[in-house]
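Paired with chain B in one complex and with chain C in the other, chain A is shared by the two complexes that follow.
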Partner chain A sequence: MTNKAITVENITKRFGGFTAVDGISFGIERGEIFGFLGANGAGKTTVMRMLCGLSKPTSGSGMVAGFDMMTETESIKRSIGYMSQKFSLYADLTVRENLRLFGAIYGLRGRAIAVRTVKMLRELGFYAERNTMVKDLPLGWQQKLAFSTAIFHSPEIVFLDEPTGGVDPLTRRQFWELIYKAADSGITVFVTTHYMDEAEYCDRVSIMVDGRIEALDTPSNLKRQYNAASMDDVFQRLAQTAKRNDTI
Partner chain B sequence: MKQFISFVQKEFRHIFRDRRTMLILIGMPIVQIVLFGFAITTEVRNINVVLLDPAKDRVTRQITEKLAASDYFNIVGIIGNSHETERVLLDGTADMVVAFDERFDEKLYREGKAAVQLIVDATDPNTAITEINYAAQIIRETQMEMSGISPSGQIIPDMRMLYNPQMESAYNFVPGVMGLILMLICAMMTSISIVREKETGTMELLLVSPVKPPCIILSKAVPYLVISCANMITILLMAVFVLQVPFAGSVAWMAAISLLYILVCLSLGLLISTLVKTQVAAMLISGVLLMMPALLLSGMIYPVENMPKILESVSSIIPARWYIASVKKLMIQGLEISCVWKEFIILLFMAVFLLAVSIKKFKLRLQ
Partner chain C sequence: MITAEDLHKNYGGTEALKGVGFKVNRGEIFGIIGPDGGGKTTLFRILATLTGADSGRASIGGLDVVRDFGQIRRMIGYMPGRFSLYPDLTVEENLNFYAMVFGTAVADNYNLVRDIYGQIEPFRKRRAGALSGGMKQKLALSCALIHRPKVLMLDEPTTGVDPVSRREFWQMLKKLKEQGMTILVSTPCMDEATLCDRIALMQNGGILSIDTPEKMVAAYPEKLYAARSGNNYRLLETLKARNDIKMCYISGESLRVIFRTEETPKMEGMEIRRMEATVEDCFIYLMQQ
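Moving on, here comes the complex of A and B:
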């Protein structure tokens, strides 16, 4: 088995005559934090949906968590975690009920769920709030809880779709500490974001423009390559070359 | 299976924790039954009757006794001559004056007919007609009982009111309320609960998970199915014990056709949920496209037979119409299942069609 969590070869996705993703290739190491950047409409969401097994590529090939993207989407779904930009836990269920539900969805046994719940909530410092409804928690806590839920079943890879939208800087900082911790434990992190300071936290970053990956390297290499002071500069420079409309 | 149980449990929690939903689900059937059964009733009770009976013979006495014995009429007085008729009606002593012919008994025997005049205050024509009908019915019944006395030559107008001889309005409303409530809970609530997950973003999470879409959908339907059944039992119990509507037919077949109707409504809800993106839209669509026609065109309030041809054809695509018709037949008229096979087949066809379309739509959306 290779040490790659994700390998993608020449993946294309067409919707009718429109090519949303135009033959991209990349590989992500196990335990890596991979930042996936791009303006709205660049094709980020489409790539993410294909990697999560929600849609199949028109052509190309790829392996996610050791399973074929074209034929083994069900197995892929079982080995990944997902957290979307919208806050996505059940607000009218308690912290524990949410964890139990998602544990059951991923086929964990009742006993394992109970043990993990206690361990996880202790680590987060949420144990006292285990019977609180999620809607009564502060937003930052909700976000952390959503992330912890996404990795509750110990997935190989966790996909984070703009996870820190609308969160204050301090909480974002704490959130990234959780991401680092997850990566240290061997979980591969695939994250999209609009915050360029967050891009600097990633091991490697790719920038998508018009359905193609225009740049892929570590943040420091990219800055050197584009002779830019920050990731924000790098991004601006590349995004300006886009021909597609933002609204696509 | 374990996934499925967890999901059903979660759906029940959503329902029980949302006080507004709970209120709609539990309160609605009771409120509707009470409203339709008592408040919006079209029946008339306690009609004050004044008699003008110059004959005072056996037949008129018998009719008078019958009137007095019924729930609808109170005999409040007797007047001596027809000039007083207007007075008792105007001063409110009487709602109706029953005036018998002179030598009533004799006329009936000898001449083959005797007249009885029913005079009512017709400022409210609907009530007046109802009152006249009640009285005419009772007079006819008396005549029937005195069979042999009734001469063969007499013309009896065919005004029989089958199955609902007292024109109890609750008889008509109970099937209607059942059709409406089941539609509301199954279609509206199911669509809202699915669309809510789209709105909050949790649906995305479920689609990314290994859970199969049919499992998600089925787990949404189960709680509403359970609640619908509970509501149906509530409505039936209230109908029988509070409104005194007899349950003449087979309980098993009632349950069967109700389950079929529930299936139709659930698929409608599912279909709506695949068409809209917000809870408000789901509510509007179920409100305007489902509830209004179910209320107005299903035959619950206005008989389908009395509708203009075009509306009658529109009403035939409304599931509630067929359900209400079959409940009337099965429950109130106590007919055999063979009499509702047409309704049964139409509902079955609707269920299959709606389910097929909505599952296809749901799958398309996942692509």
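Moving on, here comes the complex of A and C:
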């Protein structure tokens, strides 16, 4: 049993004549928090879709949660969780109904769902709100709940697609504490974000430019390597070399 | 140039603004910094004469936002948070439309928008709805500027915009300021605070603090330390359990710690160093007071 949650070797994805992802390779350790950065149009979404089993690479090979990206996409889907800020929970369902729905979709039994629901809501301090509709919760609570729902079925890997915009700094930190806690329990966390200060919370970070991974290291090493004060400076340095831009 | 005095606004049972007041000087970039749901948009809508406050007063260039709303609308450029151009009109048609509504022509004020509009002009025949996020922002800013306003009000202009476009956007604001424009801008993003001349930190309908970013940071009342170890989560749990710690939270690659005691405790595997507070640290501190 390898200790890698994700390994990707020389993956390429073409759409007609356009090479969206151009032969990338990387590995992510189990329990690692991995930040996946890139300007609009760099190919982030395409990579994320392939890692989630929603599309297959044109060429190359890779394993996600122990399953083959080419042939076992259905098993991959069952082994991962996904959260995005734009859509994660049903606003017109209550907290409990959302958990029941997502738990059932991932094949948990009624009793397991009930037990986990109580445990999770108590840990979050949300138990009193279990019958509140999600749309009536503050944004910060919705984000914490969305993350907890994404790991409700104990996935190997959780994908977070721009998870924490717009909340106050304390709530954001509580959110990151949940992420750290999940990683500490062995869940691998794959995060995309446009906020470079958020990238500094990750164990390692990769930066995509024009379909390739141009940099991959810990935030401190990247800052040292590019002689930059912040991840934003590192990012700007690399993004300037892009030939594609977001007008495509 | 902009004054707000004790503004209150309720929606149903919710207090969106609980007595907000500040002054913005001519030719200044003034940032309203705070999370979503804090009252930023309500404040902008009152200043842009789109809704009335329940109580309190506000004026732009000496004109009252209620009594003189017609005059104010001609002198401000307002860019709402949600993309509000016409998606079925082309880039060019949108700009012409806004110029016409304000009784001017694109050619008259072209020099003001040239830097910004020039970047999207190659796509002038494209429908606005088909533009990327960064390009939409540039078009929206061009449309807000085309009647040469004296005051620019930008509600979360960089939300959802990638870091490269975001940096470009702030560079444009700086240029506009140099041309004498007064700019009120809001953002939930704490690291954009330092790009403003002065900032107001806003939370739950009230203002926590108003100052220049430099003075705000210098006024941070505690000794702040950065601590890190091989496993910051475990370190956080350990530190939280101690009673000589006043405050402790994660922040990027290290934890921020405030001690109750003068000397810092030594712990195996923990690196610790003194550090200056950021605007975000100030926000967190003020939220807890």
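Operating definition for what follows: the second predicted complex is superposed on the first by the 245 of 248 C-alpha atoms of A that agree within 3 Å, B and C clash if a C-alpha of one lies under 4 Å from a C-alpha of the other, contacts with A are read in each partner's own complex, and residues count from 1 in each chain.
To be clear about the criterion, a contact is a pair of C-beta atoms (placed from the backbone, for glycine too) under 8 Å apart; a residue touches a chain by one contact, two chains touch by 3 or more.
Not measured: the values here are computed from a predicted model.
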Inset, instruction - In the overlay, answer first, second, both or neither for which of chain B and chain C A:T171 touches. - result: second
Inset, instruction - Using the superposition on chain A described above, determine whether A:C52 touches chain B (first), chain C (second), both, or neither. - result: first
Legend entry - Contacts of A:P138 with chain B and chain C, given as first, second, both or neither: second
Inset, instruction - Kindly classify A:S88 by the partners it touches after superposition: chain B alone (first), chain C alone (second), both, or neither? - result: first
Inset, instruction - Look at A:P219 in the shared chain and tell me whether it touches chain B only, chain C only, both, or neither; answer first, second, both or neither. - result: second
Inset, instruction - With the two complexes superposed on chain A, say which partner A:A183 touches: chain B (first), chain C (second), both, or neither. - result: second
Legend entry - chain B and chain C contact sites that coincide on chain A, given as residue numbers: none
Legend entry - Residue numbers on chain B that touch chain A, as the complex places them: 2-3, 5-7, 10, 13-14, 17-18, 200-202, 204-211, 366-367
Inset, instruction - Write out the stretch or stretches of chain A touching chain C in their complex. - result: 39-41, 138-140, 165-171, 173, 176-177, 180-181, 183-184, 194-197, 200-201, 218-220, 230, 232, 235-236, 239-240, 246-247
Legend entry - Sites on chain C touched by chain A in the complex: 34-38, 123, 132-135, 159-167, 188-191, 203, 231-234, 236, 249-253, 280, 283-284, 287-288
Legend entry - Residues of chain A touching chain B in the complex: 52-55, 74, 77-78, 80, 82-93, 97, 100-102, 104-107, 133, 159
